[in-house]
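The next part holds the structures, each set out as structure tokens.
Two complexes are shown next, each including subunit A; its partner changes from subunit B in the first to subunit C in the second.
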Partner chain A sequence: MVVLSGARWLRCRLTDRFWRVQEVLKYARHFRGRKNRCYKLAVRSVRRAFVKSTKARREKKRFLRALWITRIGAASLEHGLKYPSFISNLLKSQVELNRKVIADLAIYEPKTFKSLAALAQRRRQEGFLAALGDGKEPEGIFSRIVHRQY
Partner chain B sequence: GVLVPVLVPVLVPSEVCWFLCWFLCWFPVRLVAKTSLSSPPWPEVKLPDPVEEAKYHAELVRRVNGLIAAGHYGRLFAVVHFASKQWKVTSEDLIMMDNVLEAECGDRIRMEKVLLVGADDFTLIGRPLLGKELVRVEATVIEKTESWPRINVRFRRKRNYQRTQIIVNPQTVLRINTIEVFPCLS
Partner chain C sequence: MCCVCSGSRGTGAMTSRGSPSRFLTSVLHNGVGRYVRQLQRLQLLFSPTAADARGARQFVEEVAVDFARKHPDVVLYVRPCSNPTPVLVAEYLNGTVREELITSKTSEEILQLATKLAGQSGLDIIRIRKPFHTDNPSIQGQWHPLTNKPSILTVRGPRLQAQ
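Let's turn to the complex of A and B:
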């Protein structure tokens, strides 16, 4: 005979309340004040801590990129270039190092960073010369530059 | 009408040209008035002579080739593109990637996408990658584990909405054994 339901005088009692509480308190042990001991306060603090860490994981990427950009800008100013021209000229010279690595090079390999800055500076000057072109005027245009003077 | 005689200095045209050339050689005249737009806003740029520059480049390449061939470099570092990330790497370095690598523990791996190699005296910058016959970066797979359980909690207050997700990523740890450079620059 198979009995599918328990007898009516059996009560369902929670026997592992201690471990359920410890599961939450173990994340709160390093907190300050009563929220590292008292379950009611700890539950709220632990939940807020997890939510903040979830959101911060997305912002960490933005924050680190801004940090790298600041560091690269400061290092390139030491070599006479600004950050936008440094990065744009490096990309135009087909050097595809990302900002994390360039920031590490600026800190730990100063000679290499100096050579990268020189490369960017040279590409910048070539860009200026290319922008000026031949110095000739397009044909058939009446311009204010006087060509013959008597 | 009354004709007023006008005195005009008569000069033969050839004399005018000669005089003007001489004049302009000694006193160059700006044919454009100096305004804010008559010259570009950047300072004037002069590039070095291309022939001399080519000689200088060839000499530099020969010297660096000589250094590499003679082995006059200390510790080499390289920037490697691996697992969709760029790493600045030396020998005896540990690298941990957040995904699975299809190689067993103890397998030796060669990393092919090298962006930069440097030593104390020279750096080789790839545009964007360096040649495979120029650099060799070797690594060994050390361990394959899982990350610590990352907890994602989404919570909205007063709405009875709480979702918890525990994510465990597979990780692989590699040790960079050697970085070698070969003298095949040109």
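Let's turn to the complex of A and C:
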């Protein structure tokens, strides 16, 4: 017998309310106050937390880049250079390391960073000589541009 | 605020403190010396008559023996029994047990799933904080505040004081 609509006087009890509530509360356990215990308050806080975590992924990239720049600036100041001149002279010497790698080098390989700072300083001097020296000194070694062989 | 969408939240949300996270590791530095497959056994539980276990039955008939030959260190148990849903249970050397439902999957899909499980280690599938890991991050010595200072600041001892 085909039944097109179920009997409307049937009632069914919700039996897994506990687990449905726990699904939300498990993300709220480290919150402060009643919103880590009470479902009604937790639902709102958990939803806002998810939204914030989604939006923060874009901010995280900016934040980390700013952190790397601060660290590179502090490390290059130890070697007598400021961050803008360090980065620009490295780029002019065709050293294309990104800020994350240079920051890691500054922390874990301080001698390598010192040599990078020395390279940037020398390129800076060569730049000054080329601009102010009026052609009497020979062209600097680190100012030569290496073109790709392929 | 309306309720968070319940039901199919299988993968879990990616809040940093709300959900668990771990660092990238391998089980006991697997692969540095010998590579040991971390999958211990695969149990295929299916019913011999149900309609949704058809893919599982085809897998057992056609492909399971080849799979077992290709992965000699994995023990494959095939169990026809009257459980309601066909299930592929993977147990790993560190004790993790992972159950995958294979209802209404074709035998190629089950083979793909089994190969994927065979390649996994039993570590939790949660957010990995960094996609890299080293035990020795520093070769030249990690920076400390006295790294780039003149060494007179670090030298101590009776020889210095005598001068």
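One rule holds in what follows: the second predicted complex is superposed on the first by the 129 of 150 C-alpha atoms of A that agree within 3 Å, B and C clash if a C-alpha of one lies under 4 Å from a C-alpha of the other, contacts with A are read in each partner's own complex, and residues count from 1 in each chain.
The rule we apply is simple: a residue touches a chain if its C-beta (ideal position, glycine included) is under 8 Å from a C-beta of that chain, and two chains touch if they have at least 3 such contacts.
Here the structure is a predicted model, which is why all the values come from computation and not from measurement.
Residue contacts after overlaying the shared chain place A:25 against neither subunit B nor subunit C. When both complexes are overlaid on chain A, the residue A:100 reaches subunit B alone and has no touch with subunit C. Comparing subunit B with subunit C, the partner in contact with more residues of subunit A is B.
When the shared chain is aligned, no partner comes close enough to touch A:87: not subunit B, not subunit C. In the superposed model, A:47 lies in contact with both subunit B and subunit C.
With both structures placed on the common chain, the touch criterion links A:111 to subunit B and to subunit C.
In the superposed pair of complexes, A:120 makes contact with neither subunit B nor subunit C. When the two structures are aligned on the shared chain, A:79 is found in touch with subunit C, with no touch to subunit B.
Comparing which residues of subunit A touch subunit B with which touch subunit C, the overlap comprises 47, 50, 53, 108-109, 111-112. Considering their complex, residues 47, 50-51, 53-54, 93-98, 100-101, 104-105, 108-109, 111-112, 115-116, 119, 125-126, 128-129, 131-132, 144-147, 149-150 of subunit A touch subunit B.
For subunit C in complex with subunit A, the residues that touch the partner chain are 1, 3-4, 6, 9, 13-19, 137-143, 147-148.
Residues of subunit A touching subunit C in their complex: 20, 23-24, 26-30, 43-44, 46-50, 53, 75, 78-79, 106-112, 114. On the side of subunit B, the complex with subunit A involves touching residues 16, 20, 29, 31-32, 40, 42, 45, 47, 77, 79, 86-88, 115-116, 118, 120, 123, 125-128, 151-155, 162, 164.
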